[in-house]
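Listed next: structures, encoded as structure tokens.
In what follows, chain A forms one complex with chain B and a second complex with chain C.
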Partner chain A sequence: MKKLLILIIIIFITGCDSYIELNDLAIINTIGLEKENNNYKLYASVVDITEKESLDIPTTSYQVTGTSLNQIIDNLSMSLNKKIYMSHLNLLIINDSIKTKELEEIINFFLNNNETREDFLVVNCNNIKDIIKKMKFQEINDLIENNSRNASETIKTTMYDVIKNFYDKKNIYLPSIILDSSISLDGIKEFKNNKYKEIKGEDIIYLNYFLNKIDTYKYSYTCDDNKYLYLNILESNTSFLTKELLITNEIKVITNDCNYNKDKIENIFNTNLKTNLEKLTNKKITIKNTIRGTYEN
Partner chain B sequence: MKIKKIETRITYFIITIGLFLLNIKNLTLLSIIISNILSLLFIFLFEKLNLSKFKLTKFLIMIISFIYLLFNLNNITIFIGDNILREYSIIVISLTLLFLIFYLANKGYHTLIKVILLATYFIIFLIFISFLITIPYIDLSNLTINIFKTNNLFKETILYTFNLIYPYLLIYPLSNTKFKVSDFLVTTLFQILIYLLIISILGLTLESIYKYPYITIFKKVSLFGFIERIEIIPSLNYLFCFYFLLVLSYYQILNYLSLYIKKDKNLNIIKIFLFLLIFLVSLAIQ
Partner chain C sequence: MDYIEKLKQESNNSDDYIYKEIKLNKNIVNTINIETITSSNDINDFILKRISILNKLNYPNLEEFFLNFLPSPNISKLKDYDELKTKLLNGYTIIIINKESILAVETRRDLTRGVAEANYEKTILGPKDAFIEHYNTNLGLIRRRIKNINLQVKTIDTGVYTKTKVGILYIKGIVKEDLVNKTYKKLQKINLDGIIDSNYLKRYLNSSKSLFPTLKGTERPDLASEALLEGKIIIVVDNSPEVLILPTFFIDFFHTSDDYYQKPINVTFIRIIRLLAFIIAIFFPALYVALTTHNPDSMPINLLISFKTQRMSVPFPAFVEAILMIIAFEILRESDIRIPSSMGTAISILGGLVLGDAAVNAGIVSPIMIIVVAISAISGLLVQAIEAINSIRWYRFLLIILASIFGYYGIFIGIIFILINLSDTKSEDKDYLYPFAPINLEEQKDGILKINTKGNKLRNPILSNNKVRGK
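For the complex of A and B:
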């Protein structure tokens, strides 16, 4: 009886039943989504496993249309005759046609899909078709990663951030990209009240301060003809724990042609930061800086 | 062989944490604290009045165990289907699980407790590891909002109090060990710590959206930039806790039945009947 029981268990716990060949999987690494006449258009970059000799990851782009996201994925699976595998999804590109209703559907799709993780980047681009065809996800991800790390001129937004901000009813900020001869950043898009608004230039840095997403960036101030004060903000932290907004910066002085002392440098930097941040919040702002470098000539 | 006090306490800890992980989605800090106080009061009353000696109490515990076994078998089957064996059908999962539950429960209480003790070291190790690797993902701004905020405190508290009383009823009357408040406080502390860890990483809103918030926090973890997809760590945690909960529930039923059915042959027929009944009812619930 015991042996029979063990035999039955062994039959059931074998792992071969669910085995799927790699050739039968459509591994998607980038998805582009737009809505047109109540229909979704999905552009997918699928890893091409037939090309074995290339060092790069070869991909083929596909386009499918449908009324709902689940239907599109099913359509894609049918047209490729493969099981859709989204564990390696690295990038989601949406355009301005994706509004609150569509965003909710996208979020629900990913929340119900246990295969995917929500750590892939979400970007805004109005030329999805070309981007998916011509660019690799790695180039776009690197562009955003490097820019947010070294210049703080964009906001690295993952699907997780989108879900969190959507349900917390906060603004969603997406890096905006354009494709000319090469790919480049075009500020960020703020999604608020079912509308997209462009934010460009230095405003992004101050928004990053407000969102506590500043990594490093450079600040320059012209004091006289051809004389500059050039600062490197190495580290920054914005604390929301108290009633006031407490910002701490670690600053390194790179160029001090103006021969300003430490207090003067701090005053110039703080005044500029405070003026710009006051546009974003009504809270009292306190800035604490640690300045090091060649400020005393 | 006599069961040691520490083994009973550890079993209590594991089952409580298991039920906590099962209910975490519907809990708030306030409901956790109130439920713990209420369940402690109940346990005190139960011990003071020595209710475990009454036949009616034993019958009620058996009925509660049966209900818990049915509903939680359904929960754990869905959990395995969602997180571990995605390609398998629910029938295969629940059937295999039932075989494993019946196998361990039939081995007797002593073997069962020893297996739980072994698994506990592993589970506690996993909990500590989970705390260590998720620390970098803690966002303290998630704790600045009102973490006591609740939608339906009454419902949350009543349901969770029931869940906290159940491990006591399941374990202590069987093992003749005196209940200690310190055991209770340790489990309460662990519940609060795990809850705060999840809230500080996900925030209140997302905690209530995700089906398994404790697993979701691990989806964010990336160790040394290349070790990812370590969700299996908390999944194992869930799996062990749920499995022992089901085994103990089934054992309670068997234990009650063996008081009245003395013949082995009859008891075996009842076991087969129970197996089929639980399997079919759990399928019907799905």
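For the complex of A and C:
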């Protein structure tokens, strides 16, 4: 009898408070946050299966405001009449109005929310409202993923990176996106000393070298008369030594119209890399390359 | 009162009792037989024809004549009225000479079918014959495989009214004798009106409260012979086409007889599949309920959205939906077993169309739920014994309830409960989870894995003191 009583108590004390039917969940895909007149403005892209027309997962965007993040999430829940479910949050978009104080509040919100993970991407965009309306499910994630992996033209930053860099008092780098005819990348934003600074073009690649985040990218060099040296950097690793920055690259020569030999190719590539990296660090830079391909033409 | 009058009175002059009185010179010979269970040809050939010869011979001692010259293979002298009744009811013809001396001649009619193919323990390779309802035939099927004087039988008649012959088979020198003695004592203690089938004995031979069966029945003589060689005992019951194997371990339900007729590596693969199917059968619906009601965060987003889309039109909670579908499946299964095979097609169409398609279109259940229940149900059928399949259903229900209350946490509670339950179970005082708990590395060669039997020279130490095979 005692055992039965204990069993019943265990069952009823623990309860079924986490019980939720799928139909009662509002699955949030993307959140956009901006601050305006001491109020947070939240844009949310919510999975809406009632409007499923194509193969893509349809989403509907909502907009709510409030003085704190908890309040706006509650407001969103009230307007949707469903439980806000952020375990599968894909993307957080913030704009330049989110500074140190707000960032700390956002970090605290996600750290205190046991439902969310910290592996969703964080990006910067100054036109959140339109982006949220126009974007397709996971479109921005795929864009960033593809660019950072194949071209190293952006930096993939997750919430975990933001939290880590924030508490380590390091610079936070966020991919910047814009909406023209379609959604595209527009460099990255460096958050430092409560300010955002734009980094664009090739500088992003050298920043990636500095952060040891290079996956693969293509390097091109014009010699003369429309002749090109075209290299594919297959793999790269940056080691931070005491007085030195040691970079190792595995390079494949794709096009060698200029008919350079191996040493010449390495010299051109190293000079360019060293010059640009020296702008980012005072350390001595050593580059070791493994070059293979058609350089002996 | 003479024997015939007494018998007539006791049987209320039953119509199928045949009484015959023959006068031979100065002697009176009475024969009694029960028409329905005796062979009239045998009575004619073995008894009546001889009596007619006797009339001409004028033999002085009738009892001696019958005992020596009746051509029946089984003829005996009876001591009293009780013996007379037993023999009569067993298909013997009783001969009473001058109302004093009683003889019984075996004239039993063969009421059994011939040896046929196994019905529910089908195999691709290996022998196809199966036990039938005849005790001697069943014993014969085993003796034909084990031609050794050490294969011995202890017999006991059980059941107050049925007096069913129950035999304990074992191989002396391999089996542990105390197992035979204990089982014999248990059988002696049974006080029932009748034993109609070997399955009647299960509850008397087995004291375990576990939902999983701790006794395995088989209709295959090759499997029974294999068990005897392992040091197990076999219980053969007259009128039952299924013999019982004692003791039975959990892993035995994942072994089939053709595991021993195939390459070990293939057997290992299929055993892993069977174990996996067992796990799927128990956990799959519970996992679905936990995922959709407590732990959607552990699903990839695309799967989550797919589930959500499918469940959108379903008016029931996932738990109710799961229970409804499982009950529907159980109804279908039971009806499929009970109805004549000619109506099976109708049931298949109804089950397939109504449950498979119409229920989804009507928005009563989601397609994914049908997939989950179907996979779980089909997986459950891979386990060998019907009782094991039935026990799976209880664990399935238990886990669904736990999953709907606690989610994954509930499933873990269920896993711990099942493991405790299995670890606590004994089959004839032997650990049910053997050879995994307690672990025996030698026996792992024929547990889930099947490692080349050439090296598998040792017998199971908890079943036999004669540890080395081939001795």
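Note that the second predicted complex is superposed on the first by the 271 of 297 C-alpha atoms of A that agree within 3 Å, B and C clash if a C-alpha of one lies under 4 Å from a C-alpha of the other, contacts with A are read in each partner's own complex, and residues count from 1 in each chain.
Everything below uses one rule, namely that a residue touches a chain if its C-beta (ideal position, glycine included) is under 8 Å from a C-beta of that chain, and two chains touch if they have at least 3 such contacts.
None of these values were measured; they are calculated from a predicted model.
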Legend entry - First, second, both or neither for A:Glu115, with chain B first and chain C second: both
Inset, instruction - For A:Asn90, select first, second, both or neither according to whether it touches chain B, chain C, the two together, or no partner. - result: second
Inset, instruction - Mind working out whether A:Asn212 is in touch with chain B, chain C, both or neither, as first, second, both or neither? - result: first
Inset, instruction - Using the superposition on chain A described above, determine whether A:Ile27 touches chain B (first), chain C (second), both, or neither. - result: second
Inset, instruction - Would you sort A:Leu4 into first (chain B), second (chain C), both or neither based on which partner it touches? - result: neither
Inset, instruction - For A:Lys164, decide between first (touching chain B), second (touching chain C), both and neither. - result: first
Legend entry - Doubly contacted chain A residues - partners chain C and chain B: 18, 20, 115, 117
Inset, instruction - Could you please specify the touching residues of chain A with respect to chain B in the complex? - result: 5, 8-9, 12-13, 17-18, 20, 111, 114-115, 117-119, 160, 163-164, 167-168, 212, 240-241
Inset, instruction - Mind listing the chain A positions that touch chain C in their complex? - result: 11, 14, 16, 18-23, 25, 27, 29, 47, 49-50, 52, 57, 85, 87-88, 90, 115, 117
Inset, instruction - Give every residue of chain C touching chain A within the complex, in rising order. - result: 292-294, 296-297, 301-302, 304-305, 307-309, 311-312, 317-318, 404-407, 409
Legend entry - Interface residues, chain B side, partner chain A - complex: 82-83, 85-88, 92, 95-96, 99-100, 103, 140-141, 144, 202-203, 205-206, 209-210, 219-220, 222, 229
